[in-house]
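Working notes, beginning with the structure itself.
For clarity, chains are labelled A, B, C, D, E and F in written order, and residue numbers in each chain start from 1.
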Amino acid sequence: MAKEKTGVVQSIVTKKDLLYAWFKWFIFSHCCINYERFESLGFTNAISHILAKLYPSKEDLSEALERHQEFFNTEPYIGIVIMGISVAMEEQRAKDGSVSGEAITAVKTGLMGPLAGIGDTLNQAIIYPILLAFSVALVLENNLGVAGVVIYCVLVVAAMAAQSIYFVNYGYRLGKDAVSKILKGGLMDRIVHAAGIVGCGVLGALTATYVSLSTTLTYGSGEQAISLQADFLDQLMPKMLPLAVTLVCFWLVKKGKGAIKIMGILAVGVVALSLLHII
Amino acid sequence: MAKEKTGVVQSIVTKKDLLYAWFKWFIFSHCCINYERFESLGFTNAISHILAKLYPSKEDLSEALERHQEFFNTEPYIGIVIMGISVAMEEQRAKDGSVSGEAITAVKTGLMGPLAGIGDTLNQAIIYPILLAFSVALVLENNLGVAGVVIYCVLVVAAMAAQSIYFVNYGYRLGKDAVSKILKGGLMDRIVHAAGIVGCGVLGALTATYVSLSTTLTYGSGEQAISLQADFLDQLMPKMLPLAVTLVCFWLVKKGKGAIKIMGILAVGVVALSLLHII
Amino acid sequence: MAKEKTGVVQSIVTKKDLLYAWFKWFIFSHCCINYERFESLGFTNAISHILAKLYPSKEDLSEALERHQEFFNTEPYIGIVIMGISVAMEEQRAKDGSVSGEAITAVKTGLMGPLAGIGDTLNQAIIYPILLAFSVALVLENNLGVAGVVIYCVLVVAAMAAQSIYFVNYGYRLGKDAVSKILKGGLMDRIVHAAGIVGCGVLGALTATYVSLSTTLTYGSGEQAISLQADFLDQLMPKMLPLAVTLVCFWLVKKGKGAIKIMGILAVGVVALSLLHII
Amino acid sequence: MCRWCQRTRKWKSTKCYRGGRTMTVLQAILIGVVYYLGSAPWAIGYLTVCKPLVAGTLVGCILGAPAEGAIMGATIQLIYLGWMSVGGSQPSDPALAGTLATALAIASHLDTGVALTLSVPLGMLGTFVWVGRNTFNVVISHMADKPTREANTRGIWRVNVLYPQPVLLLMTVLPVALAAYFGPEFVQSALDFLGTRVLGILTLIGGVLPAVGIALNLKVIMKKSVAPYFFMGFFLVSYLGMTMMGVAAFAIAAAALYLFNDMQKAEVA
Amino acid sequence: MCRWCQRTRKWKSTKCYRGGRTMTVLQAILIGVVYYLGSAPWAIGYLTVCKPLVAGTLVGCILGAPAEGAIMGATIQLIYLGWMSVGGSQPSDPALAGTLATALAIASHLDTGVALTLSVPLGMLGTFVWVGRNTFNVVISHMADKPTREANTRGIWRVNVLYPQPVLLLMTVLPVALAAYFGPEFVQSALDFLGTRVLGILTLIGGVLPAVGIALNLKVIMKKSVAPYFFMGFFLVSYLGMTMMGVAAFAIAAAALYLFNDMQKAEVA
Amino acid sequence: MCRWCQRTRKWKSTKCYRGGRTMTVLQAILIGVVYYLGSAPWAIGYLTVCKPLVAGTLVGCILGAPAEGAIMGATIQLIYLGWMSVGGSQPSDPALAGTLATALAIASHLDTGVALTLSVPLGMLGTFVWVGRNTFNVVISHMADKPTREANTRGIWRVNVLYPQPVLLLMTVLPVALAAYFGPEFVQSALDFLGTRVLGILTLIGGVLPAVGIALNLKVIMKKSVAPYFFMGFFLVSYLGMTMMGVAAFAIAAAALYLFNDMQKAEVA
């Protein structure tokens, strides 16, 4: 992707604007997290000053603010690349209207899932544990005490700040470069597809690694007892029940059930199965 | 695949016809199994009443009966999906002649291999062993005696009956829906290709799992002896000899050698190698 | 690939010519190996008599000789297939000029990398070790002494001679058959791509298997010490450092650094890191 | 009193024939019929009686010791848990192993271990019956040519269902009835006559026979475009030790990938 | 002198409250605030105070035993090393576990082992706070509808940042302050009241909760054309025991393969 | 009588030089020539004399103890079984290790263990010869520019085959002959002079050198469209512990998949 020399076309959005958006996102993204719209308010709040700058008319601004309050959820420090792209698209839209509101929503919706998967894996499953393990060792092995803890805090905040600043800028550049290609040629489709490959792959791995459920049913007793889990299910497919539970949740989500309801169903199900001594 | 509402076009083949065909197949598919045509007589016998209904003229019927007596072999309970498709195609052919006899044969030949692989893996390698292991446990651990055996029989027959009834109907629906697409657009080609991916994959796994052959040649003696199998072949490719034997058989099959002849060659080969203390 | 019956078109290059080229390559390919052009002189020398036959004019010959002295490197016994192809292309070029000099260079450059990877893996990583292990056993276990060593020499030279004679002829046939397809239809592109898949795959495996580097840094001491290698890097990606070193080298190569310079950089780096007790 | 009878009395076994003839002619014939049924003249036999678990139980019933038969059948079944018949090939014959080994064990007071040991070579020998029948049926199947020409579906039914039976009956009932009647000494001497060498070779042959079935299936499935998947399936097992189910799972995912993406392209085009 | 104090003296611990009230009201409230901060009203809390390592240290500082708090926090952290929150789901609440278990351990001379044991059910209970807050915020978030209509960005800021705080403060500070103040007997009797059965069930629920988050993420990512990769990722872990990082590496390679080859084709076309 | 001689007598060894000069000048020079041959002036040397197994045997013959040489060579060979030269890089020099270590062992009654130990640093040192020669040959190869211009194939032959020899002879025969003649004390003191530290570093360098060769090969092979396969091959080894042969097998299957399917498409199009 060739980097266009900036300055050729006058940008309305300045570096500072972007940094301020990053700041608001970095601090407030999950303030109002909820089971209906997740991070949409945090997202809208983060870019509101940019939108206000782009759309002087109250109507346009209101429309833009509304657009970003649709359901949105992603991992905050890598997924922020979406914010950069969105800002670039909004800017283009403000300039010449060549980008539709639907296109912006489509890109956000297309990328948030993959980047959630990728970001959760990279940051939550890999980077945090490493930093934590390191600092735990400083405390427990080396008696560094509070200093070890401070080291962790500094490292993790610095790493995530650097990462997210990088990605919001990267996203903005990508959006500016690609905005014309996005509209024709299907480049964004392909990027979404590629991101989807990785996102899906790691979500599958997450399912097998982080969801846990197994049945305690056995047949017979003593040494010769047959365990449904070890002797049957694991022979067919290890981690089969976590997969099943995840697919059931997915099916419920697709049927339009909200997160609260699904958690309720899961809880009731687990209680029932547990009382029946099945799990 | 959208399910066409039935009744729009009057079907000649009734649910009962299909069920009777299933019944004849379920009971008699392997009665006359042989090394030349395998299950073709069983297949023809199963759908003969439907063919008789579709083709009133003796000539047409005779031609149809002959068509289905060409070489055919597949796993009986999942592969029966082919019967459903064939019946749908025969029906279309009888109605307006838009389906050629060759097309029907092509579909049968295209799908029988993949479905044999898939069916053998799912039913023979997975479902039967599980049901058997379960019932064996009932008998040996729980002293259920004959009751445990009855449970096995009921379960296995019920499961296979349900499976094959489902699949013959599914195949018929698929054939009816897809018959026009089959003729243009290459849908069936793609289905055959996809089935071929799975079929080939599991046949490869079958080869590595179920064919067994290893050489006993060693070099030197005592602890330091070098075993051709463990120290060379297994380093290059574990299960290399089973693969080689299978590919040799495949090559013989492709050269037109019949099953009996190939088994003879194998037997002679094994005897010779065994007498030479090579295997 | 249908084998054209030879003799239809009169070949200028005879079997004997090819065999003589093989012989010169088999014996002298690495005589003047060097960090700039590697085997190009060996290659040119091997086919020089054929080029002389093809291009009677001094100018043409000189041009052809120069063409083959551009950077060339591949595994000698399998990669020789390239020599066969090149000769066929040169022949075609000499006949009717339909093949450009650039096309010949492109094919050589496209195939030499993949075939180096494939050949090194098959011959160096697999065949030689097996033959050597076998003969070592003959000497150490069976006290065969010099006889065991002679057996090795005969086997390895015979195997490589047979292999390379086969491949130079195969390449020549391939080149003759495909020369028209090479020019249109992109067949050679696809072959290069396919060879690239295998070549890249095995080079990746080589990297993980043959490059070795690990850090000795630990944190804390005694039983509870945390090893950067075992506790962090290996958790993320085993063999991460060998991969990094290889990619750094690759990057240097791409930047135009020569082999000597890169080895110098590596050496300095290793010395420095070692003195700092990092590796 | 023999130790075996003491043990079997718990299962309400019949009287002890120790020393004398071990079963009646009728029982022997019925046992032969069990093997006939297990040889799958109808598909249900293949699903049920063919399995040592079921065959053994039936034999037990015939000999008046059903529970004992079930136990013996279940024990033999363990050897044949993973048995399968691919592409018309059979590595061994569980039906014969189940039927005859159980019969000998119950009627002749054989130790379970001995019966188990016998069941393995018996399963090997049974392959001959399967091969013989599949060979003979080639001839039978051509008897359907005439009714086919005449569009006589009834005739096709007869050829398919009835004609193969007489020979199959002969091949299955006769030898098993004889072996059951004359007892383990007879079987043992037959096996001794063959010797461990021959039986060892039969085992080796049983090991490679599935290759024929696989090859027959491959014949109709192997096109260049899917052939690499055959090798990938093989490699997943041989190099990575994956289970068959794992390979099937990956293959299905790969097929879905092809199907969904290629069909999309096709629709676009 | 109590054994605990002897131990803690090494870390310059405060005086021993043995037998009496274990902390002041202010300390208890501050501990509640630590939990509030750990519940991520701002993202930095999520990165730092939310982790037992940090929460425990802060609690230690409040109770005048920072090193002790760091050690206790680090120990609890080990249980939550691999903890993650996917798609808005949380399998348990490390912040509560870290805060309260450390507070009880330091102020009440609990054995490390006992504190660790307590931290697990506490983490389970904390899930209620997370779920409650995410539910309640649904209502809050709709308060942004009006400023949105009016294009009032300041108003949106207020709804997003300020409005959720009161309820969250209530849900976090109050229970933790009370529990810390009334000490381990109080917490223990609360847990006893629930019983091991209930806590066991909470653990089971914690095990399946990530499925909800994954499903929510899947909803927006699962198209037919990429769905097979979900299963492949799963199979790589379940059948081959690969690590997550390994799956990610392979997935990235597959994506690159698609991207580079498909884009080439697109350019050619 | 020395213990070594007693041992070697079994192999009909030559007389014992114990205490005195260990070999004649001619023998030392011949040993140098073995190393020269092993340094692959012609390809056959690379296949044969380059291997310690062969080099050792030749040295044994020169010293009149062929069997002994074969055994010593075979023993050293075990260290270099998996040795390979990729893209012009060499992690170490088996030819030097095989030649010199065997010479020292036989002529100077070194213990096998000691000889083996020596062979490792010797192999490291040999890298210099390889690097030196590949560097020097850059100059030589340009001497072919003139005959090329003049279309003089004879001249090219001379440059390729003859010109590189003098320097190579110097680099190989001289040091090895000297070292062999002056014996293990000389070699040992040379190595002592370097110290274990230096030799350890040489080993580390030998570990990374293959990266250069791989990178050179990658340069001409790595296009975006196939680059992911490089990483997949790497991951298969690093995450799943597959063997090289396994990776090659999978890669071939993948290539076949591409070739068969893409060519079909191309034909259709």
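We adopt the following convention: contacts are C-beta pairs under 8 Å (C-beta built on N, C-alpha and C of every residue); 3 or more make two chains touch, one makes a residue touch a chain.
Heads up on the chains, UniProt names are A, B, C = PTS system mannose/fructose/sorbose family transporter subunit IID; D, E, F = PTS sugar transporter subunit IIC.
None of these values were measured; they are calculated from a predicted model.
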item: Shared chain contacts [chain A and chain C, defined touch]; value: B, E
item: Shared interface numbering between chain C and chain B [over half = same, under half = different]; value: different
item: Between B-D and D-E, the pair with more C-beta contacts; value: B-D
item: Where chain C and chain F are represented by their mean Cα positions, the distance between them in whole Å; value: 17
item: Distance between the centres, which are taken as Cα means, of chain D and chain A, whole angstrom; value: 55
item: Between chain A and chain F, centroid-to-centroid distance (C-alpha), Å; value: 53
item: Multi-partner residues of chain E (at least 2 other chains); value: 225, 227, 229, 231-232, 235, 239-240, 242-243, 245-246, 249-250, 252, 254, 256
item: Interface hub residues of chain C, defined as touching at least two other chains; value: 126, 133, 235-237
item: All pairs of touching chains, each written as two labels joined by a dash; value: A-B, A-C, A-D, A-E, B-C, B-D, B-F, C-E, C-F, D-E, D-F, E-F
item: Chain C residues touching chain A - in the complex, by the definition given at the top; value: 219-220, 224-226, 231-232, 235-236
item: Contacting residues of chain C [partner chain B, same complex]; value: 126, 130, 133-134, 137, 141-142
item: Parts of chain E lying in touch with chain F, wherever the complex brings them together; value: 240, 242-243, 245-246, 249-250, 252-254, 256-257, 260-261, 264
item: Residue numbers on chain A that touch chain E, as the complex places them; value: 26-38, 40-42, 44-45, 48-49, 51-52, 58-59, 61-62, 65-66, 69, 73, 76, 109-110, 112-114, 116-118, 120-122, 124-126, 128-129, 132-133, 135-136, 139-140, 143, 145-146, 148-149, 152-153, 156-157, 160, 185-187, 190-191, 193-213, 237-240, 242-243, 245-246, 248-250, 252-254, 259-260, 262-263, 266-267, 270-271, 274, 279
item: Residue ranges of chain F in contact with chain C within the complex; value: 11, 40-44, 46-48, 51, 53-54, 57, 60-61, 66-67, 70-71, 73-75, 77-78, 81-82, 84-89, 91, 131, 133-138, 140-141, 144, 148-151, 153, 156-157, 159-161, 163-164, 200-201, 204-205, 207-212, 214-223, 225-227, 229-239, 242, 244-245, 247-248, 250-252, 254-256, 258-259, 262-263, 266
